[in-house]
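Chain naming follows the written order as A, B, C and D, and within any one chain the residues start at number 1.
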Amino acid sequence: MSIILPGEHVPARHVNLKLGPGLLQLSSPDKRRGIADEGLGIISTKAGTLHHSTNQSKWWIENNSRRYVPAQQESVIGVIILRSGEGFRVDIGSAHTASLDGLAFEGATKRNKPNLKIGCLVYARVSLAHKDMEPELECFDAQTRKAEGFGELKEGFLVRCSLKMSRLLLDPKHFLLPLLGHRFPLEAAVGMNGRIWVNTKEMKHTIAATRCIEAVDPDGGGMDERGVKEFLNALDVE
Amino acid sequence: MGSRVEILNEGGFRSDGRRQYELREVTIDLSQQGQADGAAVITHGLTRVMVSVFGPREAKSRSQTIHDRANINVEVAISPFSAGERRKRSRGDKRILEMAATIKSTFEPVVQTTLYPRSQIDVFVQVLQQDGGLLQGCINATTLALVNAGIPLLDFVCAVSGGVYSTSPMLDLTLLEENDLPNLTVAVMPKTGKSTLVTMETRLHVDRFEEIFKLVCSASHALHQEMKDAVRVRTTSLVTAMGTTQSNVGGDTMMDES
Amino acid sequence: MRPPSPSIPEKEFLFASLKASLRLDGRQPLQLRTPELTFGPELGWVECALGKTRVLAQVDAKMVKPPPERPFEGMVSIHSEISPIASPEYEFGRASEEEVTMTRMLDKVLRRSDTIDKESLCVIAGQRVWHVRLAIHCLSDEGNMLDCACLAGIVALRHFRRPEIEVVGDEVTIHDPTERAPIPLAIHHSPFCFTFAFFADTSIPPILDPSHLEQRLSAGLVSIALNAQREICVLQKLGGVPLAPDSILNLVEIAVSRAKELDRLVDDKLKVDWSGRRVEFR
Amino acid sequence: MITFTSFPSSPGGEYDAVRRHRETDNDMDVDFDDDDDFSSNRLRLTLPGDYLTSSQAFMRGHGTYVHEDQVVASVAGTVERVNKLITVRAIRTRYNPEVGDLVVGRITEVQPRRWKVDANSRQDAVLMLSSVNLPGGVQRRKLESDELQMRNFFEEGDLLVAEVQAFFSDGAMSLHTRSLKYGKLRNGQLVIIPPILVRRLKSHFITLPCGVDLILGLNGYIWVSRHIKASDQAGEEGFDAEAVYSNQNDDIDEPTRGAIARVTNIIHVLAAHFVPLTDTILLEAYEWSVEQEEANKGLFQEDVAEALVASLHSRS
């Protein structure tokens, strides 16, 4: 892992190379400047940290932006903003609103579509992400047609955070969610689009969880584990 | 400029011959104006405001539709000839925009907008003459025009202005008084006595404020009576006009009031 | 495109927790976010932050010829603008409703309530007066930008010092701040603005200094501007949920006590800043 | 001072209040509503904010809301009671559609597979392409080519008569013209009056003996046109697309034009005096105006109009 700035060359070489977000292969390596010697002419387009898979076949750049760019198979949390004949328009915080088919739910049929109101929260997976098309979502696994946790999120509260924070929370080794879960029963859904839904039995627990997430967010407080423990003790959560 | 004029003389009279707590003469005209669904012209002394209401009707643009209630659109125009000095205000004038926004948010909780999802109610306010109490005139005329258009309201909204001359509170200020005194305008819903609008823009001690605020609230009930009477006269005359020819088409009810 | 309105779970949770007098940032219903005041290198340059709401205020003064109808008075003007930098909700071009309210409110609170003694800004009657210009820049909107802007404005005016001048006949000499210590503006009083938010469900108590989400979901705002001497400068409830007269008077009382606290806080901050600065002018 | 009164001066419009002193102001509320007695058959007027009755004993209907266990009026109008249901009917209001109503409307927008129709309601009505008769027989199925040439049937600004078929979930009404009586309107002119003045009648297609046809839309839009003889109307088999969707007026002779104008003016005068329209009233009014041998424009003179309305009152 290293810090990289836009325009830097990336020494990625692999027979089956896959480039993730923030990386670009120049269409014709510019030989006059001798760039070809430095690899396949792959440069970064974002500032961030450079990552690659263990066998060096997949490369990507992580950074801490707040604007979500949809990518296939990522889980996101969206807000229904419009109901149209066949489905819903969903705001997922990206440049364009996403569409969610009324049939892309577990057990949905032509006759029996889920009745989501404007303003409902849904946990969904991005099924189509293409730069020239609007993103599409689904609330089930297309093969098994089972919900697998996707669908409407009822009650609870929505926390908005940086994308980095979303990725941190998805890491099972991250301390925050286990720490909170240790204090009080907690339900959470993490969207890759910088939205985290939390639900607890008591309102003050939800508020505590919200404030902890905001405090830990590297874009905000960037509090560490010890800080969070003290913070939780200071809050009245019992 | 007003220093030569006595706001309140020793006999307890104001510059236009009124007493401290006296409202100016109110006239209300609820007759049909053009194609409007409801209209009203109200005068408070020399202040005269006309309001036309259109709707609820199809919203003009998609961005103005609200999926679960009607959108109230208010436009205020002040006639250039309405004041002593002829002056044309542009539509983008901040004072006019503020007044339109004020009227809109005053009526939003009063009009039952949820009955008309995705529709639009247009309120056009035209100030014809101004002599103080502009906002009160606009609000009262809007109430009457909305009632006249058959748009469901939780209650009337009655606005009255007031001011304080050294320590004496006064009601319904003229332009002359308004320029010299700290003044406020309050819009009250008479049934509950709650106010939807309170604005005061000049420095006044908290204790003085309390006094005039309570006085203005109670004065609004007198105005409410005037407005109710006007609407009642108008409604009665329309029902009577309809009723007299209706007996031969199977009308089952007759008026017993005349 | 304006961002969509908050989702149903957010709305319901906020209402439920406010009903239990719990706020998402841990404040009491009538508690103000503690203002952070940062003074810039120049006099009259103040950045005020209420939580994540930030407003920058800057004052300067220049010598102008007064308008013929008011030869003995200096001029005060306020420029304010809400641009999309504060929040994607605002657009360029047409003034939004928030901008109209804020511009008008700043004008009423800081200019029309005679905060500054205009006559003291007169140098030579009909010839030379000071024109004090206050520029307000809204940097980020996390709720209650109006109070933040008013606070930034009044602090900037109190922080500002104009150059010392000397009048000999018709000759005006402006002394550089390095030669003679600049002098503060003559300020009659310091009004502070307090905004309360109300909700459609009347069992929710009113809250002071609403956050962005609270403001979006509120059904009416009451702004009260007053000074520590119990004088109301502006009281403004432009529509929204109807309120009983007593609850409005109640709010006034709360604002009175908050104004005294805030006045003390601002005094202290200005004192600390000024004591740190005096060294520069020696 | 010179006063200019605009033409439709309505009765009881101007209301002058006396100057009131706060000290002497006593509450002289002429209470229409101090008793909860709904059994009497008399007409009760009410104003927004007036308490009507307890919400425990009665159900609230249109024009009312419940506040602190009381049914409260939200519009100014007449109180009506059906069993336990209390409603207040506003006098002047926009058209409230009901299924089966006959309406006259104007196309405002052509959208994919549907037209938007202004019918004086709170939202534009919708006329689906599948709800109109297409040329080539009543039974013909809708084709894709029809979607592309929707403006050949109805264009923005066209007037039509239709029936309310159903409502959408947001309250907008859906219309249909699947009957030979319905469709595009020609050979006449439109008069707009308050919807409350159009009563539900056995038939809303009225033919006056003077060679004038009337369509009384329940939404207050009235179409006054040249009489079409029944024989001219083609039967179901001979459904003629040319005629049904034609934009050309037929030849209208001078006397018919005069009659159309006279009927239109009568409707204007009656509406200004708030007289509900029925076939008999229109007929009587027409006869009266011919009897009086007034010039057509004479109807707009205040005294003539008053006399007309007075004569109708005396006959009824």
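As a convention for this text, contacts are C-beta pairs under 8 Å (C-beta built on N, C-alpha and C of every residue); 3 or more make two chains touch, one makes a residue touch a chain.
Keep in mind that what you see is a predicted model, and the values were worked out from it rather than measured.
The minimal number of chain-to-chain contact steps leading from chain B to chain D is 1. Two chains share more touching C-beta pairs than any other pair, namely B-D. Relative to the whole-protein C-alpha centroid, the nearest chain centroid is that of B.
Rounded to a whole number, the gap between the C-alpha centres of chain B and chain C is 31 angstrom. Annotation: 56 Å between the Cα-based centres of chain A and chain D. With centres defined as mean CA coordinates, chain B is found 52 Å away from chain A.
Multi-chain contact residues of chain B (touching two or more other chains): 67, 189. Residues of chain C in contact with two or more other chains: none. Interface residues of chain B, counted against chain C in their complex, comprise 92, 94-95, 97-98, 101-110, 184, 189, 192-207, 209-210, 213-214, 217. Against chain A, the residues of chain C that register as touching in their complex are 3-14, 16-17, 20, 22, 24-26.
Chain A makes touch with chain C in their complex at residues 79, 81, 91, 117, 119-121, 153-158, 197, 203-204, 206-207, 210-211, 235.
By the touch rule above, chain C contacts chain B in their complex via residues 95, 97, 100-101, 103-104, 108, 112-114, 200, 219-220, 222, 226, 230-245, 248-249, 252-253, 256. Note for the complex: chain D touches chain B at residues 6, 8-17, 19-23, 25, 27-30, 32, 41-43, 45, 47-49, 63, 65, 67, 72, 74-78, 90-94, 108, 116, 118, 121-124, 170-172, 192, 196-197, 199, 272-276, 278, 280-281, 312-313, 316.
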